[in-house]
Amino acid sequence: MKENAPRLLSKSVTLDGVGKSFGEVRVLRNLVLEAQPGEFLVLLGESGCGKTTALRIIAGLETASEGRVWIGEQDVTDRLPKERDVAMVFQSYALYPHKTVAQNIAYPLVVRRVPEAEVAARVKEVAQSVQLGQLLERYPRQLSGGQRQRVALARAIVRRPSVFLMDEPLSNLDAKLRGHMRAELKHMQYRLGVTTIYVTHDQVEAMTLAHRVALLDKGVLQQLDTPARIYSDPANLFVAGFIGSPPMNFLKGRLADGAFEAPGVRVPAADRSRQARVVMGVRPEDCTLADPAGGQLRGQVYSIELIGDHTLVTVLVGEQEVVVKAANTFEARMGDTVALRVNAGRVYFFDADSGARIR
Amino acid sequence: MKENAPRLLSKSVTLDGVGKSFGEVRVLRNLVLEAQPGEFLVLLGESGCGKTTALRIIAGLETASEGRVWIGEQDVTDRLPKERDVAMVFQSYALYPHKTVAQNIAYPLVVRRVPEAEVAARVKEVAQSVQLGQLLERYPRQLSGGQRQRVALARAIVRRPSVFLMDEPLSNLDAKLRGHMRAELKHMQYRLGVTTIYVTHDQVEAMTLAHRVALLDKGVLQQLDTPARIYSDPANLFVAGFIGSPPMNFLKGRLADGAFEAPGVRVPAADRSRQARVVMGVRPEDCTLADPAGGQLRGQVYSIELIGDHTLVTVLVGEQEVVVKAANTFEARMGDTVALRVNAGRVYFFDADSGARIR
Amino acid sequence: MKPLRRLLAARRLDELAPAQKFVVYAPLLAWTAIVLFPLYWVIVTSLKEPIDVADGPYYIPFVDFRPSLHAWKYIFFDLGRDTLRPYLNSVIVSSAATLVAVLIGAMAAYGLARMEYRPSVGSVLLFVAAIALAALMSFWGGVDWRLALLAGLAIFAIALRMLGRRFRRRLANHDILFWVISQRILPPVVTAIPIYLMFKELGLLDTHSALIITYATVNLPIVVWLMYDFFCAVPRELEESAQIDGASRLRIFFDVALALVRPGLVATSLLVLILCWNEYLLALFLSTVEAQTMPLLVAAQNATRGPQWWYMSVLIIIMILPVIALTLLLQRFITKGLLVGAIKG
Amino acid sequence: MKPSSLGDVFDRQARAAFVLPSVLIILAFSIFPLLVSAYLSLVRFQIAPGGYTLHFVGWSNYRKLLFGSEQFHFLGTFGEVGALEWTLIGAAALWLLAAFVRYLRGGAWSLAGLAGRLLATAGLLAVAVLCAYTTGGAGRLGSFTVTLFYVTAGVAAQFLIGLGLAYLCTLPVRGRWFFRMVFFLPLMVTPVGIAYMFRMIADTTVGPLAPVWNAVGLRQISWAADPWLARIVVVIGDTWQWVPFMFIVLLAALESQPRDQIEAAQLDGAGGWRIFRDITWPSIAPVAASVVLIRLIEAFKIVDLPNVLTNGGPGIATESMTLHSFIAWRTLDLGGSAAVAYMLFFASTICCVSFFHFVVRAARRAQGA
Amino acid sequence: PSSAKEFDGVTVNVMTFTGPQIAEPLQRRAPDFEKLTGAKINVITVPFSDLYQKLLTDWAAGTNSVDAAVFAPQWMVDYVTGGYLEELTARVAKDRALKEDDVAPFFRDFSQKYSGKTYLIALDGDFHMVYYRTDVLKKLGRKPPQTWDEYLEIAKAAHNKDWNGDGKPDFGSCISKKRNAQAYWWITSISAAYIQSQGTAQGAFFDPRDLKPLTNNEAFATALRFYKDSTQYGPPNEINLDVGDTRKLFISGQCALTLDWGDIGTLAIDPTESKVKDKVGAVILPGATRVLDRDTGKLVGCDRKRCPYAVHGINHAPFAAYGGWSGGINAHANPKVKDAAYAFFSYMSQPAQSNVDVTLGKTGFNPYRISQFKDMSVWTRAGMSVEAAKNYLGAIEASLNSPNMVLDLRIPQNQRYQQVVLDTALARFLAGELDVAQTMQTIESGWNELSNELGKDKQLAAYRASIGAK
């Protein structure tokens, strides 16, 4: 998709070796990251890993302790925020409490001396697209959480900046609205090809929106790749464990003569050098419940959880839990012994100590 | 589950005919709702439908325009918040800016003159459970969004109130942490059996945590039932459309001689009285792609979207879109003609005008 | 038990329990009385004949004394112009001075609250020394003050070039803050004459501008201080989002910052306005005829015949009235929860 | 990037542009008077043919105040000090010493900090001793000690009352506007006016309170004849006048207090008082500290009330430093006047610097500002 | 209008304190004067309390926005030493219309002059007298006080009885003893009787021979004692009353005796203020039978030699406190303006005008010309009963004619002598901080310190000049 996004005004964003510390707290470490012009880059990471900080540094609200920030061809490290021409959705909304919704949304345009008529039109349009059409005359204090968040979003997308920075812009919206907004955003971004850096905790969101996903852990970049690859080809244990819900199952064991072995587990793994301390990872949807006879893993049903369209079955293999995604027709009682087989092409091995992927 | 939750100190919460208006804005209409002692009740609804307001009324922070509020045997409509013995997680955290994380969490206990040693212990414990152990000495302004949210959560669960009110307490946490917290909460609530009213937009959360789900729309209660029933037996079009993601597919058509008919659609529906304006609903996971020969619906592939463990295929049937959940091995090109068959037992019919379910 | 609760505990957050009501209203009403009684006395006095003031307290007009408007007549007709002129002067001077002080002061406060200043001790001392030199030159050396000032600045510039790099120790915002407020410590008794001389040099004696400049300056510190704290209370995120939206500093200051400290702003302006409105000593020296202000008129009512209570009372009353009106107008802006809904977390 | 508008130009120089106007104006205004009055305090002003002469006399103006013929006037008349006083002073000294040790122990001590604390401590002790001497036995307060009394008593009263009223006005009471309006009134009366007003009110023969006064059987006594009564009357007047100042500012501070924090505290089970102490107070503390500081500074300059109410009598019992300076000035003793003013300047500065460092900045640091 | 006038186009800024007193007559007569001479008189007023400073600053700083002023002659010394005041000797000499010889000798020879030169035009006669309630004295069957001791007796007798029929007990004697007000003048009025007996030139403050303060001796002690004793017969808050208050008390009938300037005479006939119309009598300041022997510092009985001016063996020393508002002219004003200013003051002072003005309460002017108490008619027309007028003017005449009148202290920085040292000491004396001896001690040392500070010789010279000591 990225390829055919218009390039006219879109600029690349480059963090090169950016680090940030608050006092002795090191929040970002030597972060190297580039978003191509028109790219939709999603930042993922645990709570507190430095996503917001990264965005704020790009926006120029924080000054990086080290490293430089580029927008397009320009080194903006020492530029004021207003000179960087970015639009941002704050994680904490930061609405103007003394302005009505309409005024809040209009502000970026008003500041830029856009003719009133046009402002009015744009505001109306944007408000519609975030479904706030009715509330334009309200003040932030008269809005619900989600509505406030949408005002914040609207205020950002009312402009055509060269970069969008969005910090969990949909986190407080209901599934339906979120789906809708997601589509809207994707469409808009596609249409305008504005480089976008997007923070979210919702993996479906990440998967559906992102051209590429950047995964941070404790301020260190773990992997930067397309959603599909991130999902199907994780660089290390952390990435593997972080992406996907329910998360990937991990089994400690060892690689010996062409198979991965652990109590109650024997998964053929040809062409693998033998190694003592190994973690095998397999996703719930890549395991299937097999007849107790065959199967590479065997254990007892530990819990069963019906989630709408499917059932999550937790199986105790040795001391280790394995979650399996089964059809919501699945029937079994706790403690039943079951066997599992895994989709051999979809198992991953990691070094138990370094967490590095073993290929 | 509910049955075997301890009943000692847990109280029921009853809203009886509660209404609330801000000026002429009517936010809640004649809301009748009861949470049994020890029940975990989840409030679902679109953004701005009145969930927070409802919680605030239960907490006593807003006064209901009409109706009364009961906690346990007591009519608390005219009681101050502090006399209601409820703990609340505010949607907007509402942390104390000049107290450290530790002091924030400790405050409810300190106010109750709990001996220092115990306070310290409880705080430590709770902080651990929300993974803030390291940050106890920080001030809120030094925390990330998610960390703040966890402080808010910790401050609520540090004490043992007779009712928990939680307003999207996990919305800003990453999937992994959220899963963990969800388990924690479920466990805690199960252990203590404190009646809990919980607002969320995350349906998985709703499904896994709730004993019962209450679905609001524009301040009106739509359905109050167990997650499973809500999902599998929606009371009306709104509920059906709101629960489940991707949402249920709706097809406009008519019921005639034992079948539902629409352009490109013919689904056998025996024992149904004929009716002109009908909406048929079927969930993506209840449709399967069939060989072009057979199948009750036929149309062209409109878009394909890989989402981690599965693929979403949008098929254009007549003018109407139908989303199908397919294995992530599914291969097809845009515009290919495909046929679908639906799980006959899992189709729902609604009156196109009233939205009421047709049984 | 239950009736007791009713008595002690409120039923909602937005009302008070009967018991609380008493605890709350009693002091309020008490202080109201304390405030109003003297003013009532002033009003009554303005209606008394001297004789009624002189012997024994009389409280209620018509009941225990015959009210007369002689004082009012005297102030409004006999004095006439001599009341009107100072009155207008007071209005002009204090409103103008307030505007200037609040504007400039608020800006400084904002700067100090949001940005970091680290002037080096050395250069500051240097500057002061230079200016001092200029002052000396013009005061004792009899050099024309403009020349003197230029010379001083020149010296400063040169010296800074030479020594600038040497200075290590630096001041911080709070030093500046304290310096600002410290300007109010010296009592006007001693500053009046020098200021008088300054304005004599400038040839501005007995003009509005003299008073406006003076009042604006002497009240700046108060503005800076009060506003500083109010600005500190505003969450930075709001201004940050304005920066992102592309507003200039100045614009942020007016559109966002000022709007969000409105209660503080109003309170401060009112205070400054009133301080200007009531200032006596400086007015005495800087004005002779044209620029005389009301306080002079009030003070003047104590002459060889002793205080003319009745006239004073009238003056006091007519001096309060406009301020009351203004306060009524502005107090609406001192309202709750301005920031609700602005920030999550 | 864009054609530079006014805003951009301003932005480049923002830091300077915001503060310079104030700083320059204040500088231009303060330096000259400061120098002149400083110089004046070292000279004797005398009218002489062709204008006046300034005859340099060194410290004699100050010497007079501290040790010479004006000592009784400035510092007061010294009486003998009882054991009780000494013990009190001793206690104070110990306490200060402890604070000192704590400071040094605290590690991060700077020379400036040390000097400052030394000065503050010395000042405090000196004042303590002075008070002991001038109150004990036949001792009598001088304008310096009287001023201190006005400052402490007045500002304390004003702050407490002001805060109390402001707080009450934030509660859901009927007629809030009315109360606010009324409480603000006294400030609007010109100080001279207030002084005369109180002279009327406080008059025990024809004043409104005379009947009360007589009823209590005090007809033959007058507050004006008793030093402490007179001082208290002055403080009452001062309080009446300045409560509104505290009131309005604290009110503004209280009103701009975030609501959801309070709601949270209510749910956490805190009562009105606790909420005030734990949540509201910390957030208004900086403003509170600032107004108190400002009032301190202003209170040191109190003059109109004593001047009009008692002209400093009985004896010199109610004479404040500024009044002292003012009288000297009126009688053309410009040197002496400036000297008093400068003593006031030093006293006030020491007091305020200490307050600033130990209270105001502490409060702000807690705020994280 | 037709013929061009002498001062066409000339404007004179005359400063005085905000009226109505003093300012009122000036403002009232300015238009007539303009019609007469074409000179525009522009009366500038500032609060009474600050007139002195205001004038001084304007003149000393060389702003000179004030061309002429009406002020208390006591200030003359400062303005003259500063060279701000125009000397008027020549002008006065030429000026027939002024009727200089009609001006009472004291004002002519002392009040308007400094070291023999005239600088001021008197517009008002100020000196202390004792006022009493004729009705009260009648009831008590007593004569007006001739000596201070009698004064006390009467006060004692009259104290604590209701004299104005309002049910409340009234007071024997009201003397304004407030600090920083007029207190220091009363003490002189009292002590002078014991201290000065040889005529004005003998001086009542210092010994003109060596500038030795006359404040530490039996005479002054006696005065102090009287001063304190009189308090017992006064209002409880007498210590906090200024003359304005005592006046109000007296004319509202609450006092039997009071000390005051001439004003009460006119105030008492003002119906809006007075409850004691025609019940007021005035008498020259009481005197003493024993006077100070300046060498021993003891009191000795009067005799021909010691008290040449004694009446019935009683030595009176009426005190011209403040000295009466007079007009002076800024030496740096331009000549034309000076002339106009002089013309105006002269005009104000001429009998045609002043003889009317002195009878009007609101003018604040009191008689200072012989003619003003020769014909009664103006007074009766102004509302006095004949005998009231007789009595009042009698007292004035007696005082004015006394060659033993006391001239107020007029040496450089006299304010510091009187308003600071003397006044403070008195206040502390009343407040009980000091006893008689300490008080006298304090005053004496204070004055000496000042004299030394300012140059004893200069001060002595100035003092002698002011009282015209031979």
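Per-chain residue numbering starts at 1, and chain names A, B, C, D and E are given in the order in which the chains are listed.
One rule holds in what follows: a residue touches a chain if its C-beta (ideal position, glycine included) is under 8 Å from a C-beta of that chain, and two chains touch if they have at least 3 such contacts.
These numbers come from a predicted model, not from an experiment.
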item	value
Steps needed, at fewest, to go from chain B to chain C via touching chains	1
Top chain pair, ranked by number of contacting C-beta pairs	C-D
Rounded Å distance between chain B and chain D, as computed from the means of their C-alpha atoms	60
Distance from the mean Cα position of chain E to that of chain D, given in whole angstrom	40
For chain D, residues contacting two or more additional chains	11, 205, 258, 260, 266, 283, 329, 367
Junction residues of chain B, two or more chains touched	61, 80-81, 91-92, 95, 145
Touching two or more other chains - residues of chain E	49, 242, 249, 254
Complex interface listing, chain B residues touching chain C	60-61, 63, 78-81, 83, 91-93, 95, 140, 145, 148-149
Residue ranges of chain A in contact with chain B within the complex	22, 25, 44-48, 52-53, 91-92, 142-147, 150, 167-168, 171-179, 201-204, 207-208, 228, 231, 241-247, 283-285, 305-310, 325
Touching residues (chain side chain C, partner chain B) in the complex	9-14, 343-345
Parts of chain D lying in touch with chain C, wherever the complex brings them together	5-8, 10-11, 14-15, 17-19, 21-23, 25-37, 40, 161, 164-165, 168-173, 177, 179-193, 196-201, 205-211, 240, 243, 245, 248-249, 251-253, 255-256, 258-260, 266, 283, 286-287, 290-291, 293-294, 297-298, 300-301, 303-304, 308, 321-322, 325-326, 329, 334, 337-338, 341-342, 344-345, 348-349, 352-353, 356, 361, 364, 367, 369
In the complex with chain D, residue positions of chain B that touch it	59, 61, 80-82, 85-88, 90, 92, 94-99, 107-108, 111-112, 139, 141, 155
